[in-house]
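Below: one structure, written as structure tokens.
Letters A, B, C, D, E, F and G name the chains as they come in the text, with residue numbers starting at 1 for each one.
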């Protein structure tokens, strides 16, 4: 039952995730990598507002320090 | 009497918890894991406003740096 | 005369304390535990506004990073 | 001439000090202890606004992370 | 599939990148270097607002602590 | 030519300095000490607004974490 | 091609630089020194608003923690 946070990220590699940042921005993309600081690499990333894509990126590196939550698509 | 904070989290595994974040957001879900940085894993997570669920997630990883308080359901 | 901050917390175990957080929230409860990061465990915790209880929790874990001040009841 | 900050705190033990916090709050009280993180213990503490006491505490532990300045009474 | 964040920066050397900062500023420029703190060096850097260049710099060193995201041009 | 920041503080001991803090407050006083965290001790300190003294302190300890800039009087 | 951020600062010693801080303030001056925390020493420093000098300092020590970007004059 005790699943470590980085384990969740590990089994989410290749899966689409939603990432919430300090200040309220949200990004969605395929999790392509991360490190122990929770720095993230998303592929086919897009910024999301109200569930809608408002901006598209290719690869996006997000600094862990700005990350509030990460949710893999179910 | 002196119960350490991480001990409380440990005995709350599998239990529904309320998590308050910097900026005021609150999430509720079953605590599925955590680490020593108080990074958390919630299952069947939802965002709460005024006691009501306003958004549903499956698994949610929350960075400890954003966490203000955690309260296990009684 | 030189009483260390963590010593004050140690002799406040089991005592009701008032905890002020960044952003201005205040919680009151019986101090049930803490660690060296000033992460706290409160029992019979409640959120306080203007001296009044506005919300009740059972056990509440508060991250030290959010704590501004702690005052044991006299 | 080179007086270290913690030396000033050390010779201020038992003396009334004014403490300014991030966000602008000020507390006044007798400095009863501190540690190397500049966590402070005040006795007979009170919150000050415009030079007036607006709230009284007994013992107050203040986290160093919130402290901006400390001034011992002359 | 697990590509580390710093690896993405490494293979982006010499490539134009978009850098988003805390507070919302965005800079664009050729990534000329970085270190493990995600401090960045951009060449031919410009500040971007609404997709338009509003200010030009030559070399720009950005502190990693202010960086939220980095996206290499596709 | 490469003068280290702490060297500047060292040769400013006993000299009046202007200290700018996060949030915009400025203090002026004789630099009586500092440590490697840039915690400062000012003597005959005063808070400055628009070049005018608005509040006088005797000794003032300022936490380095709040300091943005320090300028010794020419 | 991989030029490290501190290398850029090193070859900017004696050169006029523009320094952007958290909160938006900008300073300009001759870079006289720095350390690995990106604490900076500027000589003949001035605060800049809209490209104009609004305040002059002699020597200015800036804490790295407040620095967002540094750009050497071309």
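Assume contacts are C-beta pairs under 8 Å (C-beta built on N, C-alpha and C of every residue); 3 or more make two chains touch, one makes a residue touch a chain.
Remember, it's a predicted structure, so these values are computed and weren't measured experimentally.
**Student:** Using the touch definition from the top, list the chains contacting both chain D and chain G.
**Tutor:** Output, common partners of chain D and chain G: F.
**Student:** Please report how many Å separate the Cα centroid of chain C from that of chain G, as a whole number.
**Tutor:** 42
**Student:** How big is the gap, in whole Å, between where the Cα atoms of chain A centre and where those of chain B centre?
**Tutor:** Using C-alpha averages as centres, the distance is 19 Å.
**Student:** Quick one: chain C and chain F, Cα centre-to-centre, how many Å?
**Tutor:** Centres of chain C and chain F (C-alpha means) sit 34 Å apart.
**Student:** Where in chain E do residues touch two or more of the other chains?
**Tutor:** 22, 65
**Student:** Take chain B as the starting point, go toward chain C, and spell out the full loop of chains.
**Tutor:** B, C, D, F, G, E, A
**Student:** Which stretch or stretches of chain A touch chain B in the complex?
**Tutor:** 1-9, 18, 22, 24, 38, 64-65, 67-74
**Student:** For chain G, which residues count as touching chain F in their complex?
**Tutor:** Checking each residue of chain G against chain F gives 10, 13-14, 21-23, 25, 27, 32-35, 39-41, 45, 57-63, 65-66.
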